[in-house]
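So, here come the structures, one by one.
Here subunit A shows up in two complexes: once beside subunit B, once beside subunit C.
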Partner chain A sequence: MSVSPTFVYGLTGLFLFVVGLGGLISCPQLLRKILAVNIMVSGVFLFLVTIGYGHGVIIDPVPHAMVLTGIVVSVSGTAVALALACRVHETFNMSDLLKRRTRSNDR
Partner chain B sequence: MMGLLLKNDCWLIWPFVLPLFGALLSFLFKQRPRLPGLIVALLTTLSSGVLAWKLVRHGVGRYDLGGWQPPLGISLRGDGPAVLMVLMTAVTGLAISIYAGGYFRSRIAKVEDERRHIIQERFFWPLWLLLWGALNGLFLSADIFNMYITLELVALSSVGLTVLSGKPASQVAGMRYLLVSILGSLSFLLGVGFLYKAFGSLDLATIQAALSFSPPVAMAMALISVGLLLKSALFPFHFWLPPAHANALAPVSAILSGLVVKGSWYLFFRFWLGFLPLIGDGGNAVMAALGGAAIIWGAFQAFSQQRLKMLVAYSTVAQIGYLFIIFPLTGAGAGPAASAVFYFAISHSCAKAAMFLAAGTIFLQMGHDRIRDLAGVRQLLPITSFAFALGGLSLMGLPPSGGFIAKYMYLSMAVSQDRWWLVLLIVIGSGLTAAYIFRAVSHILSPKMVHGQGQVVVAPCMEWSALALALVAILLGFIAPLPLALLGVTG
Partner chain C sequence: MRCVKMKGSEASGKRRHISLLSLLSLVMLAGLSAALAWAFLTPGPDPLGLAHRVDAALAESGVESRVTAVLLNYRAYDTLLECFVLFLGVAIVWSLQPSRPVRQEPRVDPVLSSLVRLLVPLMVLVGGYLLWAGSSQAGGAFQAGAILGAAGVLLILTSSRLLSTMPKGLLAWGICLGLFFFLAVAVGAVALGGNFLEYRRSSATMIIIALEVVAAFSIGLSLAVFFGGSRPEEPSERTAAGRPPHGEGEEP
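Our next item is the complex of A and B:
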């Protein structure tokens, strides 16, 4: 019995989702959490693209449109997360970086 | 052209498009974002009202965006529950907008660190209107992928609002809120993928009509449920909610607690109700157990808080529980259960928003919100104190208030279905709610005069808008047939 390629792709997508979830929960650093979320996103997209091939010879375009929209959403989400992570980093490293605080007070 | 615009089903897109347009407008007029913001808030409320009127007159509306039919196109569907939620958002949102106008004016007038307050207001209006539009889109969408998009829009804009206060605590809370939200949305999206795989359609009604049990469907239900539970902060997923809600600016706290939480709950309820034949008693009992735990745990946490806004935020954790203990009661027909739980949702929205607005006014006036030092607030801010107490009455479920009607419906259903443990839970929950509300109200209403704080710095419209919302929460106890008639328009 041969395993179809779509099955392998779909399973890889789910595997990536789980790996990202594990990273999101276990990594304490914010940047790693954001990267873990991005791995999860890739897993979901791979799964969605695979669905399009499931219905026979004709490729279903709807999941592809979903992935395109999803990419836009995930890029914006990542941007917000990174910006916020920078702010959190600035705020909470103050004890080590006293110089930065005085500089921001001057402004 | 005008005739086309005023056509029955076209009204569905106005509550969605107007706030998005307003968000752009208030972003462009960044020197004075308040005026376009308030005007658009008023217009959105009006269009939501007209939508409700059209629904009662003509029945359920459906609108295919751009004329494309499903499965390719995206369609909006306005049935009773959806339009009721849109109307709830409109009433609460208008009061919050008016409050926000006064709030930022008062803060800017206090001069110290004026620049920061101006920047906060500049970003508040676009984000808030974007959130409003996204919420309306979420309530009205008939397409599960569109629901994912609106969920993400709601999440991103509410995270932006959360961190607006600039406090270190709010930044950390906002970061956690964002990660939890993205995790919830991704889980939802994966579930959507499974559903599409199983049914070949994204239209929720089509899927529910073709429903049958299979492993992918079970997987989809699990993923969608967990994702939405994370976002609606049901115990034990509530950990992110209190710091995010309590450390935000006052109007933002009211928006998050009164409206945003309801968005993901609404989706959960719609999915769960449609898939009820597949779920069975076990799943419903799990939901009720989590809801019960939320009611008890949230109330104890609320009681032990030292800060007023934290108390109100933990009260939200507890009240979310009531939205989920309804599921075992759906056994004898979804109609009555839906009436009870939607009535609870709308009265909670008004009451909780009123309480957060009142707490924000108190914070601005006193410069702190430590509960034990709040004596004398009554003399300074009589209207605000009254609004806080009235909101509390509705949360406790004392007659005559919207909360009372909802709890009465819960209790009568529980009794008629012989679910005595649920009756006990609701009664204990109301008692605990009364305990923490009285703890806060007793300090606020105690007559000790404070010295050196005689000058009232808050704008009158802040006090009156909170009171108006609290009065709506009470009024819901008198006009129950109207919202229920709106809710009954389905099919």
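Our next item is the complex of A and C:
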């Protein structure tokens, strides 16, 4: 079986998705969770673009348009998540779901 | 992948628990990746997807670029909801942080600030070109919006004086403009006797180009605002509130 670009890109997208999911589960830090979700999203985008490319005969524009929409939505989601994480950090003085109040109450 | 770090003596009891959990999640992830890979490698029913249908209807869409036709004609609903997501995101980000005054007195390198002064018009030009190119080739509102947003980020990073001389209400109205214009087009189509978001064939090109221009402007503003992190304070607000500016804790 010859290795086609579609094969490589698709499996890379799946790999990124699974790596991001693993990071989302195992990292207690909020910032790392946000980064993990972004890695998952990148995997999904890569996979969708690969699906749209198909076998290179006719390129399906629908997944491409979905990826374009999804990029903007993921940026918005990341911005909201970062703002929420900042707010959590300011309010509870924690950036980590396991270690609460690492710095002593200095505020 | 394991980011869990335990310290001290209380860790020994929990460590076994956590390693069991991480083992379980590893098994689950391996199973998930195997299932996904199997699903990917199994040939689907139609490898060409919707490409033929897009091509068949391209003449009616009003634009030559297939991706633009999908984005702003066939699946304009997606783009409308995306504008709504951006609007909602800005609303949430602004409501989570108190408004902060625009930083005055730029302490940046004069070389950097003059470079930015050269770059920003160029970026606006490139954004305009991408917008124009979007009707017939690669490009469009999103790419143009991303470039405009990057220009805004540059202006924020160098705390340009352009930000403090910005007309009042430009940000809020500019961000709302994309969503409102889109909604007006959608509802206007209903008022003229069509379906929601249905364009007349004769006016489809003009509508799509107008939508793209407005959407690119709103997307660019929203992206820059996301980077800024909190609502810039209006000058009148600053004198009325009279509280000390707190500049620490810049958001990424």
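By our rule, the second predicted complex is superposed on the first by the 91 of 107 C-alpha atoms of A that agree within 3 Å, B and C clash if a C-alpha of one lies under 4 Å from a C-alpha of the other, contacts with A are read in each partner's own complex, and residues count from 1 in each chain.
Methods note: a residue touches a chain if its C-beta (ideal position, glycine included) is under 8 Å from a C-beta of that chain, and two chains touch if they have at least 3 such contacts.
Given the structure is predicted, the values throughout are model-derived calculations rather than measurements.
After lining up the shared chain so the two structures overlap, which partner does A:L48 touch, if you call subunit B first and subunit C second: first, second, both or neither?
Touch status of A:L48: first partner only.
Output check: A:V8 vs subunit B and subunit C. Expected answer is one of first, second, both, neither. What do you get?
A:V8 contacts neither subunit B nor subunit C.
One more residue to check, A:V62. First (subunit B), second (subunit C), both or neither?
It touches subunit B and subunit C both.
Looking at subunit A, does subunit B or subunit C touch a larger number of its residues?
In the superposed model, C touches more residues of subunit A.
Once the structures are superposed on A, label A:C86 by its partner contacts, choosing first (subunit B), second (subunit C), both or neither.
So A:C86 only meets subunit C here.
Touch check for A:R32: first (subunit B), second (subunit C), both, or neither?
A:R32: touches subunit C, not subunit B.
Go through the superposed model and pick first if A:G77 touches only subunit B, second if only subunit C, both, or neither.
Once the two structures are laid over each other on A, A:G77 reaches both partners.
Go through the superposed model and pick first if A:G22 touches only subunit B, second if only subunit C, both, or neither.
Only subunit C is touched by A:G22; subunit B is not.
Intersection of subunit A residues contacting subunit B with those contacting subunit C?
17, 21, 47, 51, 54-55, 60, 62-63, 66, 69, 73, 76-77, 80, 84, 87
Any idea which subunit A residues touch subunit B in the complex?
Contacts found on subunit A: 17, 21, 24, 30, 33-34, 37, 40-41, 44, 47-48, 51, 54-55, 60, 62-63, 66, 69-70, 73, 76-77, 80-81, 84-85, 87-88, 91-92.
Using the touch definition from the top, list the residues of subunit A that touch subunit C in their complex.
Touching subunit C: residues 7, 10-11, 14-15, 17-19, 21-23, 25-29, 32, 47, 51-52, 54-55, 57-66, 68-69, 71-73, 75-77, 79-80, 82-84, 86-87, 90, 98 of subunit A.
Along subunit B, where are the residues that touch subunit A in the complex?
Contacts found on subunit B: 71-72, 145, 148-149, 152, 155-156, 159-160, 163, 168, 171-172, 174-175, 178-179, 182-183, 186, 189-190, 192-193, 196-197, 200, 202.
Which stretch or stretches of subunit C touch subunit A in the complex?
Against subunit A, subunit C makes touches at 1-4, 22, 25-26, 29, 32-33, 36-37, 40-41, 47-52, 54-55, 66-67, 69-71, 75, 78-79, 82, 85-86, 88-89, 92-93, 96-97, 140, 142, 145, 219, 222-223, 226, 229, 249, 251-252.
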